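Here come two complexes built around chain A, the first alongside chain B, the second alongside chain C.
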Partner chain A sequence: MTREEIIEKVNNLLSEEFEVDLGELTPDANIKETLALDSLSLVDLVALVQQNYKIKIPVADLPSIQTFNDLYNYIESHLPA
Partner chain B sequence: MKYDVVIIGSGLGGLACGRILSEAGERVLVLESGTQAGGCLQSYKRKGFAFDTGFHYVGGLDEGQSLHAVFRLLGLLSLPWKRLDTEFDRVTIGERTFAFAQGFDAFTRRLTEDFPEESDALRRYARLLQQMSVQQWDALNPYNSEPFASSPLFDQNAYQYLTETFRNPLLIQVLSGTSLKTELRRESLPLFSFLHGNSSFVESSWRLAGDSSLLVQALTDGIRANGGEVVCRAHVTELVERGGKLAYAVCSNGERYEADLFISDIHPAQTCDLLKDELLLKKSYRNRMHRLANTFGMFTVSLLLKPGTVEYFNWNHYVYPKHADVWALPSEEGTVGGLLVSCRVPETGGRYARQIDLLTPMSWEQCERWIHTQVGKRGADYEAMKQQLADACITLAEEVVPGLRGQVEACYTSTPLTYRDYTLTPDGSAYGVRKDCNVPLATWLSPRTPVPNLFLTGQNLMLHGVHGVTMTALFTCAEILGKEKMWNMIQATI
Partner chain C sequence: MKRRVVITGMGIWSCLGNTLDEVRDALYTGKSGIVFSQARKDAGFRSALCAQVAQADLKPYVARSMRQFMPEEAQYAYMATRAALEHARIDQDFLDRHEVGLIFGNDSTAEATMHGLDKFREFKDTSACGSGAIFQSMNSTVTMSLACIFKLRGINLTTSAACASGSHSIGLASLLIRDGLQDCIVCGGAQEANMYSVASFDGIQAFSLRENEPTKACRPFDRDRDGLVPGGGAAAVILESYEHAVKRGAPILAEVVGWGFSGNGAHISTPNVAGPARSLELCLRNGEMTPKEIGYINAHATSTRAGDGQEALAIAQIFGDYKVPVTSTKSQTGHEMWMAGTSELIYSMLMMKHGFIAGNINFEHPDEDTACINILPETREIHFDTFLSNSFGFGGTNSTLIVKNM
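Take a look at the complex of A and B:
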């Protein structure tokens, strides 16, 4: 999967599940603020990534994922070969 | 009339929350859709005998042990509990029988007799079990800063732990052999679930002299004595929002119940379906709840025995065929790969048992042909399937109760479909949502929901079984009352 494909798929998924406009999902935007995540819905995000990409995000890695770009990077570098 | 708290579902979780919150002065209403309260604690009568459905034994009731203080708080400690024999669980695999003894030292000593080369590993394992009874309080203790889900035991795989700790594969089978009361699944079972499902029983193990309706009665009596209500045939069909939070529950008969707070003791996916309004719950939460997998169900054979034929045995017997793989149940359709054999305490205190239950895991797939049928109208092929499986269960049980078949006066069976139809549990699951050590965050559910005044409780959240559901009820109540108040209520009973 190319990076462009990852970005498109992730954005479509998050826009649908978290009910926000696609236009708000810009690479440098803050995920928590844009998707209005609290500690509960952060779990929804982690579960969604696990379900769709078979990628496990350990709690310890969560602080390193702040922007959408961070999330794309994380998924790209952890995708199963 | 407006209530402080409306609780949907009268399983142990719902009733325990009702008891605690009414004790704390809240005006509580418990709504049960069925004709009797109790959820998995329901029992049913045949030929004048009461048969249990989901309850068989409980652990940790002695002073200072896991459930002592909470059971006192819930008014359950004074029920007629009968302590099981020192060797409370026996595991028969093929021709060999092994025993679990009560008390962590005795437990280690007894198994070391059979596996002397594993004595160090057994000691370490028993210590871990023992720590569990202390650790379970960490999340409730307001003076403890460690978050509950931070325990490494959540993302550690139980089967992997066992294979890395013990060298003898038979010992791993034996240690897992009493865990039909958990879904043993190699790829996902968290070590925390495995240890929690075993630890309190090793502390001490008890049977009720009577059926599980005694628990239900004690809890509902307690709620009513505190001014609360438990109403059956009240099937909640909708939770209605006003001003960003829930305002009232609507029942199928049109009744409305207003409350400040709502607790759902039903499956989280079903809870989401009650909120028709899209505003309060985003798809991300609804979809996650709907995607959660459920654990397997149970096939139960409840036997009424001819008087004076089978001697009562004061322990649980887990029976497996030779070369069984305890971690590969439910076994193939039509076969029985493992069994819990549990006697009811004789009502008259006599020598002989009148009732024995045989339980074996059964997958939902094995029931799928009949999912559109109703109780009593499932057809001859369903009856034949149950008869064949009951026969296979009795055959395996005869390994430890010789001649059992000849002593049967009546035989009643239930499948996951029965569970689904009486408890409304999705997939007729016995132990609720499957916890997965690979995704602990997503499968250990918080009592909190995105709706500010809607809370969850019950076996689907964190822990299952009487012990697990009771602890979970404390977590739910701690979210509502505050940790400190919940903690003080428990401390006050000690």
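Take a look at the complex of A and C:
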């Protein structure tokens, strides 16, 4: 899967799940603010990544994912070979 | 001093319609809401009959951050409550300024529980359940969601009493208002309509097998009845003290004059006569009414062999020679279970307000038990001012309400 494909799919999933316009999902935007995530709905972000990419994001890794770019990077680097 | 308890608003989401006008017309014309579901047949149901309930779209009204906590039954309940509040002329500003309570009947969250646990089992990780799963899978999911959406600050309670849940909610609310503990309570009943909620019910062979004639399958009191048909949706009514309703200039529709209840203390699924009879007696006594003052009985009768006959005998025992008109609206709606106590109160209210009794469709021949009461097979234009509504549930929980026109 190319990075462009990851970005397109992740954005579509997030836009549908959190009901935010695709246009708002820019690489440097803050994920929590853009998707209006609180401590509860952050679990949905973790579940969405797990269910679609089989990647479990440990709680300890969450602080490193601030922007959408951080999320794309995390998924790209953790995809099964 | 005991206060009078009145009904000032009603809202419903049912297989007969999603507005009071639609439902009234469907009742009058004897429309059936029952269909054959190929999806249920394909999934392995013994009986693929069910009520057809429209999906509720809450997107225009409720943010995703709240909807994620709401399973199907809570969504139906939201639509019914929204309509009931509007009917009662209660807006958000009023709710913000007054302490309004909430009591809803609900007794399952099967689909939501299943989905959450399926994810847990698939990924062997609890966070895979998602953030909404815990809230969606609790029996009080309806009241917890509605209380947060409408910012309700009074009593916040779910009644779980099987198929009497939506009647007990009104009974309890009426006591709280009568004793001055609350001025206004939103009450109702909600029932998930998905196949998973009733798969195990189908498994005990409780459902009608008349799959070739879906609209004729649910036939309460009829000699040839062969089981119930599962339904769903939600219904809500606004209860207030009479003084409270007058003070705010609310439309006063009727008065809840009596509530009766009882337990059979017997078999978990087989009903008896004594339990329901005591519920009827207590309701009449509590409402200081005599049987002859009741103009119509909306029966619990679900179209099962055992239940309908026992209820008929209980009614006959209490009403004696007075042949009060009796129908079961489940002939049109199927069994709305946790919702039924409230929805059937609304069906009866619509009849009372519009001067008719909806015929017990599919009632063609009584059997030796059901012949003892006066069942109306076709819609009749009859004026009545007081009705009684029965709701009975598994485990032998019985609830009876008497409502008087105003």
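One rule holds in what follows: the second predicted complex is superposed on the first by the 81 of 81 C-alpha atoms of A that agree within 3 Å, B and C clash if a C-alpha of one lies under 4 Å from a C-alpha of the other, contacts with A are read in each partner's own complex, and residues count from 1 in each chain.
Rule of thumb we're sticking to: a contact is a pair of C-beta atoms (placed from the backbone, for glycine too) under 8 Å apart; a residue touches a chain by one contact, two chains touch by 3 or more.
Bear in mind that the values here come from a model prediction, so they are computed numbers and not experimental data.
With chain A as the common reference, chain B cannot sit beside chain C without a clash. Touch criterion not met for A:76: it reaches neither chain B nor chain C. By the touch criterion stated above, A:47 is placed in contact with chain B and with chain C alike. Applying the stated contact rule after C-alpha superposition, one finds that A:19 touches each of chain B and chain C. In the superposition on chain A, A:56 makes contact with both chain B and chain C. Annotation: chain C segment clashing with chain B after superposition, chosen from 7-15, 97-105 or 277-285, is 97-105. Residue overlap on chain A between its contacts with chain B in one complex and with chain C in the other: 18-19, 40-41, 43-44, 46-47, 50-51, 56.
On the chain A side of its complex with chain C, the touching residues are 18-19, 36, 38, 40-44, 46-47, 50-51, 56.
Of all residues in chain A, only 16-19, 40-41, 43-48, 50-51, 56, 58-59 touch chain B in the complex they form. By the touch criterion given at the top, residues 59, 64-65, 68, 119, 123, 125, 127-132 of chain C touch chain A in their complex. Only residues 149-150, 155, 282-285, 287-288, 291, 438-439, 441-442, 446, 448-450 of chain B touch chain A when the two sit together in their complex.
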